[in-house]
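Have a look at this one before I ask anything.
Labels for the chains are A, B, C and D, by order of writing; each one numbers its residues from 1.
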Amino acid sequence: MTDKQRDVLLSIQDLHVWFELRRFGFGHAGYVKAVDGVTFDLHYGETIAIVGESGCGKSSLMKTILGLNKPTRGAIKFENLDVGTPEGEALRQYRAKIGYVQQDPFGALAPFMNVQRILEEPLIINGVKDPVERERRVRKVMEEVKLTPVDDFLHKFPHMLSGGQQQRVVIARAIILEPKLVVADEPVSMLDASVRVEILKLLRGLQEKYKLAVIYITHDLSTVRYFSERVFVMYAGNVVEKAPVGSLVHNPKHPYTVALKDATADPDANNALTYRELPPGEPPSLVKPPPGCRFHPRCPRRIENLCEVEEPYDIQADDHLVACWLYK
Amino acid sequence: MATETITATTGQAKREAFAHTTLGRVLRYSLVRLVTLGVTVVIGIYLTILIANMGGYVDTIMRNEIRDNTTQSILANPAFRSLTPEAREKLIQEKIALEEKRLGLDKPFISRSIKYLVNALTLNLGRAINMNSDSGSRQVRLILLERLPATLLLAGTADLILFFSSVFIALGLSRRYGSLLDKITIALSPTSSAPPWFYGIFLILIFAGILHVLPFGGLVDSPPPETSFGYGLSVLKHLILPASAIIISSFFLSVYNWRTFFLIYSSEDYVDMARAKGLPARDIERRYILRPTLPTIITNFALLVISLWTGFTITETVFLWPGLGRTLFQAIGLYDTPVIVGSTIVYAYMLGITVFLLDFVYALVDPRVKVGGGNQQ
Amino acid sequence: MSALIKSTRDLLRYPSAIIGLLSIGALLAISAYALVTIPYSEATRLWRGGEDVWYQNPKYAPPAWMNFFSNEKQPVSFAVSSKEGGGMTKTVTVGEQNTSTILITYSFDYAYDKFPQELILYFKSSFQDKLPFVSVAWITPSGERIRIADLAVDRTQTFRISQDQKLQKRLKTEDVLPALFVEPKSESASPVKGTYQIEISAVTFEPDADVDVEFVMHGTLYGPAGTDQYRRDLMLPLLWGTPIALAFGLLAALGTSLLTMIIAAIGSWYGGWIDELIQRITEINLVLPFLAILIMVGTFYSRSIWVILGVTVLLSIFSGQIKTYRAVFMQSKVSPYIEAARAYGTTDRRIIFSYLIPRMIPLLIPALVSSVPTFVFLEASLAVLGLGDPVLPTWGKVIENAFADGALYRGLYYWVLEPAVLLMLTGLGFAMLGFALDRIFNPRLRDI
Amino acid sequence: MFQNNNLLRIEDLVLHFGTTRGAVQAVDKVNFDLDSNHAVVVLGESGCGKSSLAKAILRLLPRNVVSYSGHVYLDGNDIMQLDEEEFRQNIRWASISMVPQAAMNALNPVIRVGDQVAEPAIVHLGVSKNDAVALVKKMFQHVGVPEDFITRYPFELSGGMRQRVAIAMALVTSPNLIILDEPTSALDVLTQASIFNVLKRLKSELGISFILITHDIATSSELADRVAVMYAGQIVEVSDAHRFFAEPLHPYSRMLMASVPRLRADTEPEFIIGQPPSLLNPPKGCRFADRCPRRFEKCSEEPPVANVDGIKVKCWLYTS
């Protein structure tokens, strides 16, 4: 489904995001290499999912795209505009171009603002001075996310809303500036099962209606197939596999993706009867990641004298790009 | 910052053996704190000196006094009677210049202040201008040393009684949440908005003025009793009112705060867990409520000491208690710069030492305290 | 708006809040009354005035209501003047050859068990050359008439009845006043109760000459608040001390908490060297002996209440509170709603003032209200040490005067207790309100 | 007493606690039982009272409790009748232990994890300190924690390791029953799966019974022999795992099951419209009626518990 003809909205080349560790508040004590060489293009109207465990660098990658972190090395182009190192006002304006849906809807809303004020803030900050115009746009966006009747919700404070309603406000805020790209960071992981699907469907509806490009970040492989066209799997600061969603879910190639799929349960009483095959150990430190393939210490199919020495690069295998020597 | 990624690193971070022993960690931490606190104390003392003599108010007052004293002493001295008025005037001027030199008034302010700072830091506090110690010495150090025990006696007694009684009573109340005693404590806690001297007035009024059972003030009867036992008893009698004033003025709020604090901490998940584990109530209180809150308890003890150190000036004045606070007050009344700076320095040192001890003990009881921000959580 | 109503309703569920609000309300009413009835210039003039202003009052007189608590009634001071009437009658009879006779009488009930301190007549007369001649008589309840004095009076003249030696000789006693208030020849040590009259008859010898008299009795009690060693009516500092205490307490609390919060917010938002600097300053401030420095400022620089206020705020900004606020700000700083605000392009200034600080208001308000007493007492403490504002009448000044005069040793308890009670009222009022606010705004405390 | 081979039997358990706005009916007449060496999953969404149920069983009551009643039979003895001290000595950790939701908060931050795990053994088994250490090492082996971690503090461990330590702590007194309160909800998929491997092994090798409290339907199937669905303070369905995951009966259970996104099947998930009722003032009659697509007049009355081939359903649809 990936449409090569579509124009590129966001282009990321060899992106590194490192955080310096300090000792005594000033001495250097190494780097946390949260994102270590990530490359991909995102097209207009495209949805991609980034899947990985906590600490794999997906949040740092996302925050860098949002302009909240500074890239250490590499290039980010948004609409052919180099936005790798904007400062001050330019950075502020860049941030406003991307919608952001957060994980914890209650935390994402200032507790002392009502819904109207929350939704007005981005407009005020980005120069919509006319209050009538602001209210018109607030009402419109509330209709979009089905916070209706609007008058019932306009003056409510976040704590008076249910989790699902809070997340609708967050989504409304993300799209009120009419962005071309929305980043959704685990938008449903803190919601109840019965609400999750509702929010995912709402997001998908908005995406289709406005031809939004969406980066969907999640640790849950099972929701990915309802949302995205392409999936990137991240492990220890690297993207280890990129593939169209159907192909990735049914036929994962990287041993880590395989492990991830094997560990993800569907509701089935037979689960209780079998043990799951899992890679041993835990993800490595991002301060001193293992040499070669970062997954090699846990990998059941590692190739001696190769995987622990040479760092794998993106290798084409069917319609997948896999950073794994098995596919060389 | 990227807390998420940092968390991932700590689980596996390799640590050197020394860094990981409690002693090593505490020593390294304490050393760093000692250096920073040292700098802090130096700056604090220098600021004190600047405030004490900024704009030269004290200099002017001192010059006037020198002029008056010198003139008078020469006029009163029969040896100089025979001199002509001009010669006498000349002699006076010479004497004044000599005296000003002796007190260092001829040098520029900055060099004087630096000299003062060095002296102050080495506790070389100089000679007082007007004040004497009881033994007649003009050495500021001796004057202050003479007064220090009285302050320590009052502060120590009041602090210790106040602190331990309120913590333990609070612990008891937190066990009996909602009881009548608990409610009374809550209701009385606003009484702590008044300072010790305020309660001192009432205590003096009742016990000294009306009932005549305790003295109005002072450290010991006049004349002091001959035997050391009698002396001690007399001091104790004089101690009751000021110490009570200090304790009363903080007691209820202190108990209320501790009680609330313990209640909040006893609803932590790990306390629930300890209850679920079926540990005896005593163990839970000791290991799961007191132990994790020890850093906070210690901090509060230190803050109490700090606030009392500086709060004693008035209490001591009201009770005529011959401690550092009253000395400071008297010195200011007499414009005695060396004594003012001296006592402020002693205060700054005492505060610095208190803060340092606090940090040291804090590091000892809280395994999470480390030097630098590398892997804090 | 509805949130405000709800908070108010929550607040009124706490008895301590109601008591607190009532006492603060009472203090505000007293302040308003003081400011309206006694203008500032009048208040400072009176407070610094000496005998010429306060001659009508006795020294060291406890308040009149002390009589309620004692079976032995003490005389309450009064002053009447023939100029203002007030029960004193004055009749002028024009005689021959430019003379006229002026008769001034005043009768009063004396129902006390003690003798007064002093009876004084202040004469004011107008004439060209010839002094008017005055005779004073005292008429006891039984109708006996005692001649007090016959004298020529100057333009202003003071006549102290107890100290007149002629009268002493005439009455054959040094204690004139007991002699005037007991039946002659009776052995009783207490005054006879009843209506006494003083009669002043004056003769003037010029056409426009006139005589007026002011009759003052220095009882042993005075007015609603009593007097001090300078005869000053304590009502003045008690009334005027209220707005001063409130202003000092509120301004210091407000200034300190707001500045502390803003600085903490800026430090924790920008981090880095700004935060580091703020933390260092806080530590230095921690080793600076607060009161000692305040005392030095009071001694060396200025005792003006506004200077002291400024220094107090300056020294209190970088207190332990800044660490508390900083800890909360550091938490808020990484909270998702701040991250969201950054993501939609909010400026740093707007984040600090519209996102970080409003979050802190629930913590700030109770802390602010609860810190008012600290500052009120601080001002009083300085005054007690003799470092009060030299011009303003304050509660602390009254306590200082009382101490300096040994009020506690001499049993003049009212002198200390009156300002103390007002201080306590202020302290308790704000503390109790702050206490209730803390429980409302701090959800962790709600069920505890 | 009770002639039954149930390990645990809960009858009409009630726990209400007070707030400023009224009483929260967190657990309202809950009934279910559990056989030896079985695992029952209590499934429910946030705020349905499932955590309060765990606390009610272990008698860990909040300060503001309004009513607490019912029967909890453990091996036939009603442990609700025990006094506080007997309950502490004989039930807590001696017979029933618990793995909390967030191990980070449930571990004392200033005591080394080894000591914390050893504590219950010293208190309840009366073993010496040295024996306790040996026991802790054995438990760490069981759950896959390196032995030398016993001298570490909780903040020095990763989330997965902390959870394993918490499980080791639950095991150390060899209880018959362990209550797992959302034991993996804060963990990553791989860690989650490996923790469930550990739990499965404990169940088969040590014969331990579990009550697993969770909102996560997919992972709940990893351990379940039986499933109890909780809604608004009440249990609405108790079923055998195989039958439940194949086809639940109660309309709420059905819709909940339909809302689960699946990795290996191509069904489109659905959601439930509306929100669960407040536990402060739950509706009369069936508490799910407002959101139920199959409601009818009867639903305004409290439904009885119907027995459909051993499955208990609190719904009018199944009363014949």
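The working rule: contacts are C-beta pairs under 8 Å (C-beta built on N, C-alpha and C of every residue); 3 or more make two chains touch, one makes a residue touch a chain.
These figures come from a predicted structure and were not determined experimentally.
Between B-C and A-C, more contacting C-beta pairs join the chains of B-C. Of all chains present, the one whose mean CA position sits nearest the global mean of protein CA atoms is B. Centres computed as Cα averages put chain A at a distance of 55 Å from chain B.
Mean C-alpha positions place chain A and chain D at a centre distance of 32 Å.
Put simply, the C-alpha centre of chain A and that of chain C have 68 angstrom between them. In chain A, the residues that touch at least two other chains are 25, 54, 282. Annotation for chain D: residues touching 2 or more other chains are 63, 158, 161. In the complex of the two chains, the chain D residues touching chain A come out as 39, 45-46, 158, 160-161, 188-194, 196-197, 200-201, 215-225, 241-242, 244-246, 255-257, 259-265, 268-272, 275. Contact residues of chain C toward chain B in the complex are 16, 20, 280, 283-284, 286-293, 295-297, 299-301, 320, 334, 370, 373-374, 377, 380-381, 384-386, 399, 403, 408-409, 411, 413, 416-417, 420, 423-424, 427-428, 430-432, 435, 444-445, 448.
In the complex of the two chains, the chain A residues touching chain D come out as 53-54, 162-164, 192-198, 200-201, 219-223, 225-226, 249, 259-269, 271-272, 275-276, 278-279, 282. Those residues of chain B that touch chain C in the complex are listed here as 3, 36-37, 40-41, 43-44, 47-48, 51-52, 55, 57-58, 177, 187, 189-195, 197-198, 201-202, 204-205, 208-209, 216, 260, 263-264, 303, 306, 309-311, 313-314, 317-318, 328-329, 332-333, 335, 340, 343-344, 347-348, 351-352, 355.
Of all residues in chain D, only 58, 60, 63, 88-89, 91-94, 97-98, 100, 102, 105-111, 119-120, 123-124, 153, 155-159, 161, 169 touch chain B in the complex they form.
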